[in-house]
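What follows are several structures.
You will see chain A twice below: alongside chain B first, and alongside chain C after that.
Let's turn to the complex of A and B:
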C-alpha cells in the first residue's frame, strides 16, 4: 500500500488569525470527545476517513511573514479521494477556515473566490488539492502498512495475548508446554475463526513496481547530478590531451583537498563531539555511486557519439551514415566521458569548499527568543499518549549555490530514504511514524512536521544520537541553525543549542489526530510480524522459535 | 387492447432505434470514462454533459443555478397539480415536503421492509427452483408501496404497469412525442380517477387501516393545510409513480453484477442467510454502483453559471441549457472515489450518488434502503443460486430498464 504525505500551507489574514485559531479549536472540540466514554476520540475522523493515519492543523506566527495556517496529512492511497473524505467530514468548517486566509495571487485565486464566496457549494477539496505542497523529504515509518492493516494486526495481537493468558484451570498452558512450532499451530487454529484474514497471504508492503521506481528515480538523480558535476570536465577532456587534462585535475584537486583539510576542523569555540559515525561512503552508497558513474559514462557515450559522427561527417563532406566510423566514435566518446567523470573529484570538493567558507561565516542563534505563552501551550498538549507531534518553520539561508545544494540535497535525501528505509524504521531510529520537510514561500522557508513516539526531548535526543548527519544536512540550511561543518558534521550535535533552536521554531499543534494513538512504531512492526507468523500454515522449529520471541 | 390493459411495463424498444439505444446504454460507462478523462464538461448542442464527481455534486447542491426539469412531464401526470418533485426551493416546496414527511415516518420502515420480504419470500417459495428476477421484484415493490400508501389495484389494468409507464415518461419522455403523450395522458387520467375513487371510498369507511391515505384524511379532518382531496391524490399518485418502479430496474442489475462476481455473491448470500440486512444493503448498493439507475439526471440552467470555477476544466453554462449530471460517472471518478473499479461494500456514504444529492435527493431513499435488500433476501438465501442456462440467465434490458433475468436455485 502506497502512502501519501503532504501539507497545505495557507497565508492567514492577520486580522483573522485569532478567529482561525478559534475555528480550529472548535473543530477539535467537536471531533475529540475527550472524556465522554460513549464515543471514541475523533470517531468521525476515524470512521469516515478510513485511510487517515495522522492529521494536524497548526497556525505558525512569524515576525517576517503573516501567520501561516498549515494542514498536514498522512494517509493511504492517492490524495483526491482523501480530500473528498475530509470534505465530507468537515468541509464547511474548513471553508470557514479558508475564509480567514488570504486570496492567493497566483492562478488559484479564482478557485479561492469560488470556494469562499457566501453560500458557496464548491468542494473545498478542490482548493486544498490545488494548494497542496509536496514534501521535499519524507519518511514513512511502518512503510506499506495501511491504517486498517495496523489496526487489524493490533486487534489480533490483543486476542493472542488474551488467548495465551487464558486461565487453564490449573493445567499447564498448551502454549508453553509444547514446541514453538506446536504453539504457532495451536494459536493459528484458535485465532482463525475470529480473524479469517489469516488465511489470506500477507499484503505486499512495497510492490515490485514501487521498488523499481524508487531505485530508478535515485539512479536518475545520481546520473543527473554526475552529469552536472562532470560537465566542465567533459568539455575540458574533449579539448585537451589526456596527460594535460589529468595533470590539471590532479593539481587542482590537491589544492582543494589541502584547503579542505586546513578548514576541516570546527571553528574555535564551536567544537562538539559527533556521537554517531558518519558513513559518507557506505557499501550501498558506493555501489549506487559506481552504478551511477557507469550509467553516466554510458549515457554520455550515447549522446557524444552521434555528435562526433556528425562533426566528422561535416568535416569530410561525407555521409553521416558511415557505419564503420561508429565503433571508433563510440570508443572516443566513452574515453572522453570516462575522463569527464574523473573531474567529480574536483567539482564536488570545490563545492564543499565553497560551502565550508560559507559555513565559517554563518551566524548561529545561541539563544533564540521563545514565546513563553506558546511554550506553555505546547507543553500542556504533549505527552498525553504514546505519541507526540511537532511542527516547525525556519527561514533558509540565502545564496545561489546554497539554494541549489539545499534543493538537490533534499531531493536526493528523499530518494535515498525511499530506497533504504524500507523496513519500517528510519535507519536505527525506531520512533518516527510520519515525518516530512517542505519548502514554503518560494523556497525561502523550510517546514518540518513529525509524528513520533515518546517525548519531544527524547525524540530529538534520538535524532542527535543516531541521525545527526541527515538532520544537519536537511535542516542545516535554516537561519540560526547551530554551526555546521562540511554539511553533515556538528550542527545537530550541538544538542542543547539545537534543541533551543528547534523549540523556538515550533508552534502549537492546535488539532492533532492519530489513528492509533497507543501504538509505537516498534509495536506496530511487532504486531505485523506476529500476524505474518500466524498467516503461515506451518513453520520450521527454527522459524517458530524466532517468531515465538515476539509474543 | 386499450393502453390501460397492456401488460408491457415499458414501451418496447424495437428496430434500429432500439438497437442503437441499447448499444448506447451498454457503452455509456466507457464513453463517460473517456469524457471524464478528456472532456469532463462536454457541450453538445444545447446540452452539457457533466461527468466528474465534484461537478456533479456541485450541480445537485446548487439548486439556485440548476433547477429540476420534472415539472412539464409531471403536469401531464398530475393534471397540472403542483408536486414538490418538480418545484424549486420555495415555501411551497418545503410545505409539501414537510407534509409528506408528516405521514411517511421512519417508524414505518421496519413494517415496510417486513412486508416486502414476506411478499418476495412467498413468490420464491412458490417456484420450482427457477425464477425471473424482474418479475419477482416488481410485484413485491408495487404491492408493498401501494399497500403502504393505501392504493389498491384498479379493476382494469394494474398499478405496476401504470406506474412503470408513467415513470418511464416522467424521466425519459417528452410531451413533444404526441403518440407517447396520448398514451400517458390516458393512463394518468385513469390513475387519477382510480385514486379519487379510493379516497372517496376510504372517507366512507369508519374502520380505516393505518396507512398513508388514512393519515392524510385524519389531518384533513383536523383542518391541516396541504391535505385537500386533490393534494392527497397528487401525492399518492406521484409516490407510486416515483418509487416502486425503481427496485425492478436496479435490483436485477445489482444481481447481475453479483453473478459476475461469485465471491461477492457468496458474501451476499451469507449476509442474507444470517439476516444481516445492513451488510446486504451495503453489498447491493455497491453492486448498483457498477450499473446504476441510469447514466445521469437532467437539470436546467436557471442562470449563467461557471462550473468547476478556478480549475482548468471550468466552463460557463448559459441560462436555459440542459444539463445532464452523470452521477453514474461521478461514482466511478478515481479523482474522488478510492479505487473505483474495485468492488468494496465498505465505502463511505458520500461515495454513492444513486438517488441524487442535495435538495432533490430521492424522497424514498430511506424506503429503498429498507426494502430493497429485503426483496432480494429470500432469493439470495437459497442454495446454489445461479444463472439459468442460455441467454435467459443474463440480464436483458429494454432501453434503460431491466427486462428479464432468470436464475435458478436448489
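Let's turn to the complex of A and C:
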C-alpha cells in the first residue's frame, strides 16, 4: 500500500491570525475527547478518515513574513478519498479557517472566493487540493503498511501476549513443552479463529511497479545530473585532441583537489567531533553511479551519432543516410561521450570547492532568539504519548549555486530514499514515522515536518549522534545553520547550537493527530513480523526460534 | 556465589583524578565519592534571615565548623563536606536577576515545573503518580512558576482572540530547600557531633535545617557496598577524559599519573561532569555568569568577582565565569520498600512455579537478579550465567550487550542496568560500526552518581518494619536535560524502550509487567512500585571560587 504525504500552506491575514489559532484550538477540543473515558481520542477522525496516519495543523509566525497556516497530512492511497473524508468531518470548521487566510493572487483566487463567500457550499477540499504543496523530500517509516494493517497487527500482538500469559491451571504451558516450531503452529491455531486474515498472504508493502518506477526515476535523475555535469567536458572532448583534453582535465582536477584538501579542515575553534561515520561512497551508491555513467554514455552516443553523421554528410554534400558511416560515427560518438563523462572528476569537485568557499564565509547563528511563550506552548503539548510532532520553517541561504544545489540535492535525496529506505527505517534513524521537507515562498523558505518516536530532545540527539551527515546535507542550506564542512560534515554535530537553531525555527503543533498513539516504528515492525510469522502454516525450527524472540 | 578468581590481584582498579590545578578549584565530591568516610549526614537547609542580613554571611560563618572539601586530597581525612544550592536559595542569598537567568533552563525552572514532572514520570494531569509518596514529595526548591504575563503584550495585541490554555501549574512542597550541605565522616559518632555543631551554628544565622538524612555507605570490601535490597551498588560510572579537539584538555584528567585516555566503554569528555570544559558536543559546557559591575552602571566595577578570583567568561565580555569548575547536582530522595520488593517477587515466583512445574529455577532471588540485571554481588547476568570478575576480583564493568547478549537472555532488555545505561544494546545491526556509534551515542547521556543510602538496614527483608529507608540519589552532570532527564525519560521510564511494549523500569517505575526472555519462551513478571520519590530538585554545585563569591554576597 502506497502512502501519501502532503501539506497545504496558506498565508494568513495577520489581523486574523489569533482568530485562526483559536479556531484550530476549538477544533482540537471538539475532536480530542481524551477527558471522556468512554471515547477514544479523536475517534471521529479515527473512524471517518480510515486512511489517515498523522494530521497536523499549525500556524508559523515569522519575522520576515506574515504568518503561515499549514495543514500536514499523511495517509494511505491517493489524495482524492482523503480530501472527501476530511471535508465530511471538519469541512465547515476548515472553511472558517480559510477565511482567516489571504486570497491567493494566482489563479486559485476565484476558488478561494467561491469557498469563502458567506453561505458557500463549495467543498473546501477543492481549495485545499488546489493549494497542495508536494514535499521535496519525504520519508515513510513502516513503509507500505496501511493504517488498518498497523492496527490489526497490534490487536494480534495483544492477543498473542494474552494467550501466552494465560494461566494454564497448573499444567505446563503448551507453548513451552514442545519445539519452537510446534509452539508457532499451536499459537497460529489459537489465533486463527479471531484473526481469520492470518490465512491470507501478507499484503505486499512495495509493489514491483512502484519499485521499478522508484529505481527508474533515480537513474533518470543521475543521468540528467551527469549530463549537466559533463556537458562542458563533452564539448571540450569533441574539440580537443584526447591527449590535450585529458591533460587539461588532470591538471585542473589536481588543482581543485589540492585546494579542497587545503580547506578540508574546520576553521580553528569550530572543530567538532563527527560521531557517526560518513560514507560518501557505499557499494549501492557506487553501483548507481556506474549504471548512471554507462547510461549517460549510451544516451550521449545516441544523441551525438546523428549529429556527427549530419555534419559529415553536410561536409561531403552526400546523402544524409550513409549506412556505412553509422558504426564509425557511433564509435566516435561513444569515444567523445566517454571522454566527456570523465570530466565529472572536475565539475563535481569544482562545485564542492565553490561551496566550501561559501561555507567558510557563511554565518552561523549561535543563539537564535527564542519566544518563551511559544516554547512553553510547544513543550506543554509534548511527551504525552509514545510519539511527538515537530514543524519548522527556516530561511534558505541565497546564491545561484546554492539554489541549484538545494533543489537538485533535495530531489536526488528524495529519490534516493525511495530506493534505499525500504525496510521501514530511515537508515540509522529508527524513530521516524512520517517526515517531509517542502519549499515555501518561491523556494526561499524550507518547511520541515516530522512525526517521530520519543521526546524531541532524543530525536534531535539521534540526528546529532547517528545521522548528522544526511541531516546536514538536507538542512545545511538553512540560514543560521551551525557551520558545515564539505556539505555533510560538522553542521548538526555542533549539538547544542543545532538544537537551539532547530528549536527556534519550530512552532506550536496546535492540532496533531496520530492514528496509533502508543506504537513506535520499532513496535509496528515487530508486530508485523509477529503477524507474518503467524501467517505461515509451518516454520523450520531455526526460523521459529528466531521468531520467538519477538514475542 | 564465589566468583572472585584465585588469580585476582588485591586492591581496587585505579581511579581517574583531576589535575591538581583544577582539583583545587573543584569541590572534592566531583572526583571522589568519599568512599573512606562511610557515615554522614545530608542537611537540607532553608534560609530565613531578614532582608537586612547580607546573603553570604552565613557561608562565611559556616567556615568556623565546616570546611568545604576541595579536590586535592589531604593525607588523612576524617571529615569532608560538600555544598550545593537551589535556584531559590541563590535568589534568597541575593544573587542578581541576570546571574540567575544565566543558569540552565532546568535549574531555573526547577524539577517541579509542570511539563518536566510529566517527562520525569512524577506527575501527570495534576496528579502525583504511584512512584511518588502519598500526598506528594515533601521537599523541593519551591520555584515559583514563570510569570504568566511574560511576553503577553505584542504588536498583534489589538487583534488578539483568547485561545491560551490553563496557566502553568504552581506545584509546591511543604518544605523549601535552599541549599544542601553534605557532611561525611569516619564514624556515626562523629557525624552526630558534627551535625549538632553545624545545626547550632546555622540556627544562629537564621538557617533552618528542615530535613536531615543519616547517610551510610557500609563498604564491604574493595569499595563495594550494597543498597537496601542487598545488591552491590554504584558499580558502573562514566570515566571522564580530556578531549583534544578543538582545545587540548588531555592533561586535565589523569589515570595513574598519566593523561587519561578515553575508556572504550565508559569514557565521557570532562565537560559532561564539569562546567567550562569540552562536552559531548565538543563545546565548553555552558554555565552561569555574573556581571562585573554593580548598580546598573557598567563603569562601576564590582570588586567581588575579582576578590573571589572568578575568571572572566570566555564568550560574555564584561562578565565573570561563575560556572567554571562547578556542576549541576540532581538530587532525588527515593524511598525504598524492601519488604514489598521481596514479598511481591516471592509471589511472582510462586505463581510461575504453580503454572509451570518445570520452572524450578524461578524464585524471588532469580527474579530480583533479573529486575536489577546483576547478581547480588554485582556481576552482570550473561546468557551463560554471571560475567567473570575483572583482574581485581571485582564485578567487571567493561561489558557490552549487543554481541554477547543481543536478545537479553542473560541481562533482560528491560532490566534496571540495561535501561540505565544500554551501552551498545540499542544498535540496530550487529556490526562494529553500528555498535560503536550506539555506544558513543549512549555515552552522551551519562551521569556521575554520588548517591548514598539512608535509613537503617532491614532486619528481615520480607517483613515490613515501617521504617523509612532508601537512596538519596545524587548525580553530577552539566546538561541536566541531555543527561539526567534523558536517562529518566528515554531509557528508564520509556514504555517503548528497546522495542518492549508497555513496560518501564521494574525497579524505579510504577507497577506493571516486566518481560524476562528465556528459552524456549519469555516470562512475564508483575512488578509493584518499590521506589517512591519523597523529595528532590536541581542544585548548583559551585566551584571553590564561586563559593567564595557567594560568601561575599
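Keep this in mind: the second predicted complex is superposed on the first by the 551 of 551 C-alpha atoms of A that agree within 3 Å, B and C clash if a C-alpha of one lies under 4 Å from a C-alpha of the other, contacts with A are read in each partner's own complex, and residues count from 1 in each chain.
Note that a contact is a pair of C-beta atoms (placed from the backbone, for glycine too) under 8 Å apart; a residue touches a chain by one contact, two chains touch by 3 or more.
Owing to the predicted nature of the structure, the values given are computational and were not obtained by experimental measurement.
Asker: With everything superposed onto chain A, say whether chain B and chain C fit together or clash.
Answerer: fit
Asker: Which partner reaches more residues of chain A, chain B or chain C?
Answerer: Answer, by number of touched residues of chain A: C.
Asker: Answer with first, second, both or neither: which of chain B and chain C does A:225 touch in the superposed model?
Answerer: It touches nothing on chain B or chain C.
Asker: Name the contact category of A:376: first (chain B only), second (chain C only), both, or neither.
Answerer: second
Asker: Answer with first, second, both or neither: which of chain B and chain C does A:84 touch in the superposed model?
Answerer: In the superposed model, A:84 contacts chain B only, not chain C.
Asker: Under the stated touch criterion, which partner chain does A:62 make contact with: chain B (first), chain C (second), both, or neither?
Answerer: A:62 sits against neither chain B nor chain C.
Asker: A:48 in the overlay: touching chain B, chain C, both, or neither? Say first, second, both or neither.
Answerer: Only chain B is touched by A:48; chain C is not.
Asker: May I ask you to decide whether A:348 touches chain B, chain C, both, or neither, giving the answer as first, second, both or neither?
Answerer: neither
Asker: When the two structures are overlaid on chain A, which partner does A:108 contact: first (chain B), second (chain C), both, or neither?
Answerer: Once the two structures are laid over each other on A, A:108 reaches chain B alone.
Asker: In the overlaid three-chain picture, find the nearest pair of C-alpha atoms across chain B and chain C and give that distance in Å.
Answerer: 30
Asker: Which parts of chain A are touched by chain B and by chain C alike?
Answerer: In chain A, no position sits in both the chain B and chain C interfaces.
Asker: Which of the residues in chain C end up touching chain A in this complex?
Answerer: Spelled out, the residues of chain C in touch with chain A are 114-115, 118-119, 146, 150-152, 156, 159-165, 168, 243, 245-246, 280-283, 286, 354-358, 407, 428, 433-434, 437-438, 440-441, 444-445, 479, 481-482, 485-486, 489-490, 494-496, 499, 501-502, 517, 520-522, 524.
Asker: Please give the residue numbers of chain A that touch chain B in the complex, ascending.
Answerer: So the residues of chain A touching chain B come out as 48, 50-51, 77-78, 80-81, 84-85, 88, 108-115, 121-123, 125-127, 130.
Asker: Residues of chain A touching chain C in their complex?
Answerer: 14-19, 21-22, 25, 157, 161, 164-165, 167-170, 172-173, 175-176, 179-180, 183, 266, 268-273, 275-277, 371-373, 376-377, 379-380, 382-384, 386, 425, 428, 430, 453-455, 457-458, 461-462, 464-466, 493-497, 518, 520, 522-523, 526, 548-549, 551
Asker: For a test of understanding, state which residues of chain B touch chain A in their complex under the given definition.
Answerer: Contacts found on chain B: 53-54, 57-58, 61-62, 306, 309-311, 314, 334-339, 346, 348-350.
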